[in-house]
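Okay, so chain A shows up in both of these, paired with chain B first and chain C after.
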Partner chain A sequence: MNFIEVSKNSIPFLIKGLRLTAYIGSISLLLALLIGLIGGIFNKNSKVFIIRTISKIYVTVVRGTPFLIQLYIVFFVLPSFGITLNPLQAGILTLAFHNGAYIAEIIRSGIEAIPKEQSDAAISLGMTPFLKMKLIILPQALRVVIPPLAGQIMILIKDTSITSLIGIFELTKVGRELTVASRFNPIVVYTWVSFFYFVICYPLYVLSVKLEKKLRLHFSSL
Partner chain B sequence: MTYNLLIVKQYLPIFKEAFFNTLQISVVSLVFALIIGVMVALCRISKNKFIHGIASIYVNAIRSTPLLAQLYIVYFGLPYLGIRFSTFSTGVIALSLNGGAYVAEIVRAGIQAIPKEQTEAALSLGMNYYTLMRKIIFPQVLVIVIPPLVGQLADLVKATCLLSIIAYTELTRAAELVAATSFAPNEGYITSAILYLFLCYIIMGFSNYLEKKLSREK
Partner chain C sequence: MIEIKKLNKWFGKNHVLKNINLKIKQGEVVVILGPSGSGKSTLLRCINRLETVSSGEVKVGEEIITNPKINIYEARSKIGVVFQHFNLFPHLSVMRNVTIGCTEVLKMPVVEAEKIAKKLLERVGIGEKISAYPSEISGGQKQRVAIARALAMQPQVMMFDEPTSALDPEMIEEVLSVIEDLAKENRTMILVTHEIGFAKKAADRTIFIDNGEIIEEGNPKEFFSNPKTDRAKYFISKVLY
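Then we have the complex of A and B:
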């Protein structure tokens, strides 16, 4: 009885939090994909020294520090640089930059997986580097990286829970407030919180496994 | 931007203690995560549908939910049932359960990477399951699996940052303390970031060293 009562009272609030999670998740996903695409093309193995250095520093710093620290730096340290963001902006921006680095590495590995002959053929046909990327390399690379990309999307959605620590009222924060402020049974509330995350992430995982099986067959037939 | 080295020097003891706390809890959690992970991986490749099912539910549930939610369940949920642990133990429990699922996936992939012919050859020589695992499968799996596992250690180190919510004094909590008591968020968070980078750099270097050593032994 207690379980049903707590569930009935908490689920409406949790769904509101879920909406904000979806909102933050989708916006930062789009930004992260954009950053990742640029970072994947102008990557660590570029021939231009500046691109190589900036890329190396960006990826190393982002992959070597926890997401929470990056979030705190964006929210608490950037104001001394003159850039003051509200929690929502800080959360979305940090999510985008953090996952953008990982997506850049994923896309880079996809681009480098394309046999060099394709690149040579494109150049011999007189294509500019831009056309080469757009028509030959990227379509194939992006098909190959869809499974690890799906995994990274899962990670992005789970990282939105950490942005709750900056005051964004997304799913995890709503759950915490229900437990702490309204003193609901934490086991019930957090089980529902986990259930909602599960419902978003597990289908993504199943999809990525299916896609990996399907695409592996295709790639080996090249 | 201001970065006052004097403030950093003043709070150096806190950072040092936090650094070693982070390292300590990461290593302890890794040990438990390895134990849980190997057992769960063996369950996942089992033919017994019940064992396979439970292990799969465990792995998929942990991997599809955020570590923060799991931490809240352990930290807020267990006292509700009457079980109280220290902050260190709570952190280890949450990190081990979380890490165990990822280790299980890594180990399972390693085991399934061993060609089936090895298993068939060993069984045809009359080995039982236990000997097969100990003498044939695991030595090869170990070589395959060590680099991703060291990467998992790096992930664990970065995951300890969430333990700051539990008020365990690791690097992120140290940064919060410094930021709060001296009104100097720059010194706090940037120093913590540098220390995390340093820790991950060492772990990555160790991983490269292990990879070279293992590929030489082959």
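Then we have the complex of A and C:
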């Protein structure tokens, strides 16, 4: 077992897997953020019964069941109902749908953290609920939730590894196949796999810290 | 300018405003006084429908505020509000705090809004702070920004809910003088305040509210020197330390 030899042989394949991971990660992230934004605004504390109910069911059921099970349902069970998706589609959709619920709750908590007085001031200027949300509430809410949101984004990226279980050849699957089918040394391979996940996640963390510092708001007596 | 008819407001079982009837003329400066919890702030909040009334009617200018069918957003843009805790938008600069209502609600072009804002900010004495953020200025300065923000909308009515109650004593003067200045301009103004001196100087009428009811109203000087009701007498004895 030659660490450098095994590394040299595995890294090209791992990089290919990493690209797919990045691809899946970014598309499902954008979708999850969209779902989360809508779910955070039209949330389970809404005054409208329908919104309240749908939102409550969504965030409790999706967060109360494992991501892997949801993935299996989307990939293996939906075809019986006429919806057949290829692994990539199933993976991206489920990742977005699953993490969207968490992001929705994170954004909701940010929105509700903004003092009612801000809302009063916006309303008193004659702002419609839309303007109030867009100009006053959301800009502040999103700043407040940068830490938990960044955390959830990192979770989403790492959850892409679970999609390996429906046959997507992202980073984890490639790594596993190298150790099982090609019999490469698992110590070497999985070290690199972990490293590559870290290489995606750590910069995200650093970015979130920088963003947080730059956008920091001081709430005391405004 | 403002007509309030038989206004009643309940918060759950709490009868906070009891059969309020009030008329305020164009250009009148009215000061509302009363003990804590008497319903003064709630009354103000009912005028621009920050709170909905339980029964009764509120009319501001031509608009019946209590009518659910009106464009309440347009109606609100004509009522300027200054809050006890300033409520500036912390993520926006002082300039942007003042212009945001003009550009986004009144759909004014940015250049015009900034011109108006600059003039107002200079008028209230903080021309040099236009690029600052709310967290960087003092309470008295924040309140003056809040006043400029309300004035920028060119409202028909200005409402002040205890504008100096959250300020350090040294800053009260600078804010009150701005408000006194406005009072001289034939603006319709309603103030909830504990500043007796201001009421005597600038108000056309004082309204004393206790426990959700209007107890006494009339000329400020007469009210303070010769209150007619017992409750008013008691209140004044407590306030005029």
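We take it that the second predicted complex is superposed on the first by the 204 of 222 C-alpha atoms of A that agree within 3 Å, B and C clash if a C-alpha of one lies under 4 Å from a C-alpha of the other, contacts with A are read in each partner's own complex, and residues count from 1 in each chain.
One rule holds in what follows: a residue touches a chain if its C-beta (ideal position, glycine included) is under 8 Å from a C-beta of that chain, and two chains touch if they have at least 3 such contacts.
As the structure is a computational prediction, the values presented were derived from the model and not from experiment.
Novice: Of the partners chain B and chain C, which touch A:A141 in the superposed model: first, second, both, neither?
Specialist: Touch status of A:A141: no partner.
Novice: When the two structures are overlaid on chain A, which partner does A:I106 contact: first (chain B), second (chain C), both, or neither?
Specialist: Touch status of A:I106: no partner.
Novice: Kindly classify A:P66 by the partners it touches after superposition: chain B alone (first), chain C alone (second), both, or neither?
Specialist: In the superposition, A:P66 touches chain B alone.
Novice: In the overlay, answer first, second, both or neither for which of chain B and chain C A:I123 touches.
Specialist: In the superposition, A:I123 contacts chain C only.
Novice: Touching A:A32, do we find chain B (first), chain C (second), both, or neither?
Specialist: Once the two structures are laid over each other on A, A:A32 reaches no partner at all.
Novice: Tell me which partner A:R176 touches in the superposition: chain B (first), chain C (second), both or neither.
Specialist: So A:R176 only meets chain B here.
Novice: In this superposition, which partner touches a larger number of chain A residues, chain B or chain C?
Specialist: B
Novice: After the superposition on A, what does A:L95 contact: first (chain B), second (chain C), both or neither?
Specialist: A:L95: touches no partner chain.
Novice: After lining up the shared chain so the two structures overlap, which partner does A:L131 touch, if you call chain B first and chain C second: first, second, both or neither?
Specialist: In the superposition, A:L131 contacts chain C only.
Novice: Between chain B and chain C, whom does A:F81 touch in the aligned arrangement: first, second, both, or neither?
Specialist: first
Novice: Would you tell me the residues on chain A in contact with chain B in one complex that are also in contact with chain C in the other?
Specialist: Common interface on chain A, chain B vs chain C: nothing in common.
Novice: Per the contact definition, I'd like the list of chain A residues that touch chain B in the complex.
Specialist: Per the touch definition, chain A meets chain B at residues 60-61, 63-70, 72-73, 76-77, 80-81, 154, 158-162, 164-165, 172, 175-176, 179, 185-187, 190-191, 193-194, 197-198, 201-202, 205.
Novice: Which of the residues in chain C end up touching chain A in this complex?
Specialist: 48, 50, 73-81, 83, 85-91, 100-101, 104-106, 134-135, 139, 142, 149-150, 153, 166
Novice: Which chain A residues qualify as touching chain C in the complex?
Specialist: The touching residues are 117-118, 120-128, 131, 135-136, 139-140, 143, 215, 217-222.
Novice: Mind listing the chain B positions that touch chain A in their complex?
Specialist: Residue list for chain B touching chain A: 1-2, 60-61, 63-70, 72-73, 76-77, 80-81, 158-162, 164-165, 171-172, 175-176, 179, 185-186, 189-190, 192-193, 196-197, 200-201.
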